[in-house]
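Listed next: structures, encoded as structure tokens.
First subunit A sits with subunit B, and in the next complex the same chain sits with subunit C.
And then the complex of A and B:
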């Protein structure tokens, strides 16, 4: 009895936690620091090994990360009173030439500073320049840490499921009313294509920010409109949601191909990726922030408002809800509209991440979205379900995919595992609700 | 036949004996040392309030539940009934309140479902048709075996269930509240069939709330209370009062409480209301403080009338006046605003959302009063609910408890509470005590009277004649969508009088 209580309270969050723990243990390995992190780690080490005032040379490859390392390391070392003789950027031959020139000018540094990954190449260059051969190469220490738990990877997990998670908000509401919306995958493509096409028409890569916003809103509203039509067909003509949205799924997909002429549309300015790739808050991608805000709003809607209460009531028993004065049809139209809007927004996020619009986007996404909702504990028979459960369901899917990528599980096997996990989660839920 | 007679006279081994049956569910001991004995050729009534353990005991017998302890003997031999299929093989057939028929399949297909007569791998329709006709003949009913079950009446569907039991050559037949949805005449017909089965030496367990019926049909009665079988006696050696006392565990003075409401102004006036063939021109009026009883057979149009008054179904024509002003409700929402409410006949599917909590069900029609800008102020909702929990003495562990865990009486009180909070002035009760225990019934009756005293107009729709007579100030009888009689002198009315108008033998009002 007690065990069942714990399961029903913490079931899915527990599964998510266990998965994270599992992949943390499995991916525990030597981490070679890079970028700013490496600079922060190398500075104290130098302070121990090299007396102050001594000249140092920072060596970095021509990558963005190494440049960040060099920049930060220079600043930190100067702060601590070291003289940074030179910062050498470039491919190994360039580095060799610059070091040679340094040696020729008789300015011999006390140590060379670089990142762990470049230590060996640097040492082999060094041995060929006699005046520098004995100088120590200082790199930040490597450390053991799960690759899974690296900040970049965690952000990556969320970034990968952000589209699914956003659409799953609408789907959760639809499924709580005992419905289903199969059209969301196609709406992603439709939304992305409409937005891309409008942007291309409003100046392409030269389009203004206003044009980007207008195009995005137009695409989202178009998808919301289709969602509303689904709702109207379902309520006015008592068409089963499965059939009504199956119809729209085909229509929307076809429209996406027609609008785009079957091609990907790339004539989009760089600024458009602000939503999908940009970070404005604590280094968290903007799309993830948007997702978090939407979940917070949906949570409040479902738990604290009249509308949310009505949605649960309609799903639990539409006739009893109607006889209690709930306008059941309006509620249903509302949830399908929200589902359409969320799918449209998901399409914009995806187009922003990929900086293009193509009619092939969102293929089979509806199934992943439904999986996230169901894994999150929402019953397909309606009346029960939690918005935050869905977020956890989406994260479970994201963590499994990411974890398998990290551990080198091949794609086909990944599908099998994902399918089994979804089944397992639902069986667990059934077993739980029976107990 | 003769061999069965011999069996009957050798009365020593009962057809079925269940002894020491225990069954616990999480938090409830549903059965405690329950025991039961059924002889061949008798009708044993199983009596008890809801939650007394009747259904659980039957589910143990039918293999749907496995008992924690206890033994079952059939014809003196111990058996283990591990599943419904085993039960069927042992000759046990259970006819539940909700029939287990596939509505789209024909009567014949349902009778032989799972035991089809085949020839060369194909279903032998003709042989099945013949056998189905034979079965219906034996039960002396006329049903076309090829008609889909959804087109049969409830009574006919029941006969199909019985025919199916006979087709499996069952000799123990359990009927769970078989008369709950039947009209009086259909019940008489059912009793003829039961007597016929009894004469053939079958053992019949008959579960019912209706005491009148038990005295009519049963040979012996076993009374259950709190999971125990308290007493078994010959029906001739007991009385109605004694059985009620056994069921509720205390003495019950009256079945219906006395009433002292003052009848006031005319509140609801209905003129020539029509809807299809169900309601064909109904006119009546009711006053504040008055309990207006409406009765009639199943299908007479009572429920349809109630749904129209509440705006749940649209009227084809006619007029409704509320406190003198004409109203037209396109949706129950508008009726609720105007102060009209309906407690539907089926709490399970219409009155309440079973999976949601007491609080949410209670709040549903009243949310706008407690919300600001669409946000619900939950504390006000809970406070309002607490008042009714006190006032109506609703027994709940917690306001967040799902309503499905409540007893029928408490569920009905939750429905009532939500309408009282909505300030209803006209309260329509549709079969308010169906499936509710004797003790809880009395409480509901008390509440109805209290509401009348507060000046509400009560419309009490019921097919239980004793209830209508016991509670109403005035009685309307419906027959085939019309009002066939009105009785104002309720104290002098008999059930037989009402019945004559209900079946359409006489008609005073419609032309």
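And then the complex of A and C:
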């Protein structure tokens, strides 16, 4: 029994850890150093392979990191007594022209130095310039490390599920009350389109920061309003949540197409990507920070407040809840409003990430959100579930999708695997709770 | 219960290992450049032909591929490109799900020094750099479609368009179509009137409904121009249902097997054929040329051609596949 207790406490986080471990192992690959780090690694390697005061040429692509590489490498090599004939920056055609010019002036270097990512293109350029064809291309040594565990990738994983995770907060509450909200996917599109349209109307790419904030709040509130209407229809007229939110799903999607005229709206200032792409705190994307704050707030709400206990009570047994004085209808309207607000916020985050609003956003997101909630251990029959479980569920989905992209699994296979994993996670959960 | 549970975990792990392991061997070979490809979708024979051609040409050029599809979801495609960047692919080939929204991802790839190419659908966002765009000459395809319509109904008549105006390539097609019609009107005095223009979303079921409504509203319609094959097939179904096969002519653009078959059977008057094989081949060739330092033109247009019943009767594709 104790083992089962442990499994039910740590089941899903355990699955998440196992998945991370698995993808770390399969993505263990050569990693290519970049920028100054690459320059520091390449200098001693050249010292071993090329005698001093021989001429070298440094080749780099036109990016900031490559420029840093070229600058540092040049300084380090000159320090060691090498002659740096030229530093060539540019796109491949430019590099080819410059190298050709070098070869024509009979200035043949002893080696070409570049970053590992550009080794293959450089070699292919080299073979087309006969005098240079035999010259070695020296790049810093690679090291082995799981691509999955790269800082950029871990941020990717969280960034990729941030929209789903935010909406899943509202969905968890809805599902705990034994309901469902199918409208969230369409609300994403609606919110993104309303915000983009308002911004376009308030100056477009010249819009002020205040306009951006106002437009975002207006869009979120509009979605919250639609969510509240769902709640009212469900409670006042005893319409099943499935049907009521299905209706709003179509309405919201249609409205998004009408407001946008079916086009994506992109007259938005660059500052708007602050929320989705910016980083204000330790290099963590702002949207991820926002998600963490929302989860903390929802956790407190669900575990430490009367309102939270009422939500569980309504889902567990609405009649008993009513008899013990809980205003069931108000609680239901509240959770659908929260779900609408969260979907609206998700739409703003997505619009910010993509710097545009289009009615095609959020396609099938309701299903991913529900999957995240269910994988996270919330029961569709209501009354039980944990907010933090939902976060784990969303992360599981994110890790699987990212891992499969990294390992080059085809789109169709990805769907099959993702579906199996969702089914498997839920079955595991069933067996676990049965003992 | 425990055995069952263990078995389940085992099966799931196997599924994952299978899925991820398959591609693993050739990707660790760092002597071949890796090209990240994200298509619009895999569930359309145009993109299936495109992806086959990409695979074949990549094999020839010595490239490894990571091929995925955004399946019409801009956010999903954004994630795929972010993953390409983390993977440090040598180049990226895209069919954008949204010509504008993809901009932020392309910018990120630009900053990482990864050259980006597009096939079929262009990127319209500002301030991003695309090395080269390879696509059907959609404008020319629209003009050819107008010629085919004129050929089908003679010098005068009423026509409808089943549109899908969210997509850049379709906008070009309808623009070419309208330009050719206007030109013919001025030059040769043809009296063709576009009486209805409805969106069919580029898919069969919606095009079917749109065409049904169109036929209801305009019983004297002579021809319908559908902007792609799924739309054209939806239109054919609506015409058959209305019992107007004898009167209303259909012209579509694409050249999917099902569309070609409809041309052979006389249900579609003509198709404007795209050549996805050429698009895929030329795109990979452009990447290879660019990586070896050659200048690549920013736009490579692949011409389309008219395909009528007599072409369909000789078509080897239809002789083998029934």
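Details
Everything below uses one rule, namely that the second predicted complex is superposed on the first by the 334 of 435 C-alpha atoms of A that agree within 3 Å, B and C clash if a C-alpha of one lies under 4 Å from a C-alpha of the other, contacts with A are read in each partner's own complex, and residues count from 1 in each chain.
The definition used in the following text is that contacts are C-beta pairs under 8 Å (C-beta built on N, C-alpha and C of every residue); 3 or more make two chains touch, one makes a residue touch a chain.
As the structure is a prediction and not an experimental result, all values here were calculated from the model.
For the composite obtained by superposing both complexes on subunit A, the positions of subunit B and subunit C are free of clash and fit together.
In the superposition on chain A, A:218 makes contact with neither subunit B nor subunit C.
In the superposition on chain A, the chain among subunit B and subunit C reaching more residues of subunit A is C. Within the superposed three-chain model, A:152 lies in touch with subunit C and out of touch with subunit B [touch as defined at top].
In the superposed model, A:383 lies in contact with subunit B only, and not with subunit C.
In the superposed pair of complexes, A:239 makes contact with neither subunit B nor subunit C. Looking at the shared chain after the overlay, A:85 reaches neither subunit B nor subunit C.
This overlay, made by fitting chain A, leaves subunit B and subunit C with a least C-alpha separation of 14 Å.
Contacts of subunit A with subunit B, set against its contacts with subunit C after fitting on chain A, overlap at residues 435. Those residues of subunit B lying in contact with subunit A across their complex are 26, 310, 312, 331-333, 336-337, 342, 344, 349-356, 360-361, 363-365, 367-368, 371, 374-376, 378, 418. Every residue of subunit A that touches subunit B in the complex is listed here, in rising order: 1, 304-307, 309-310, 312-313, 316-317, 319-327, 383-384, 435. By the touch criterion stated above, subunit C contacts subunit A in their complex at residues 1, 4-5, 8-9, 11-13, 15-17, 19-24, 27-28, 30-33, 42, 65-69, 71-75, 78-80, 82-83, 85-88, 90, 97-101, 103-104, 111-113, 115, 125, 131, 165-166, 199, 290-296.
Listed in rising order, the residues of subunit A touching subunit C in the complex are 22-23, 26, 29-30, 32, 61-66, 91-93, 95-97, 99, 117-118, 120-121, 124-125, 127-128, 142, 147, 150, 152-153, 156, 159-160, 163, 262-264, 266, 273, 277, 350, 353-356, 358, 360-361, 363-364, 400-414, 416-417, 420-421, 424, 427-428, 431, 434-435.
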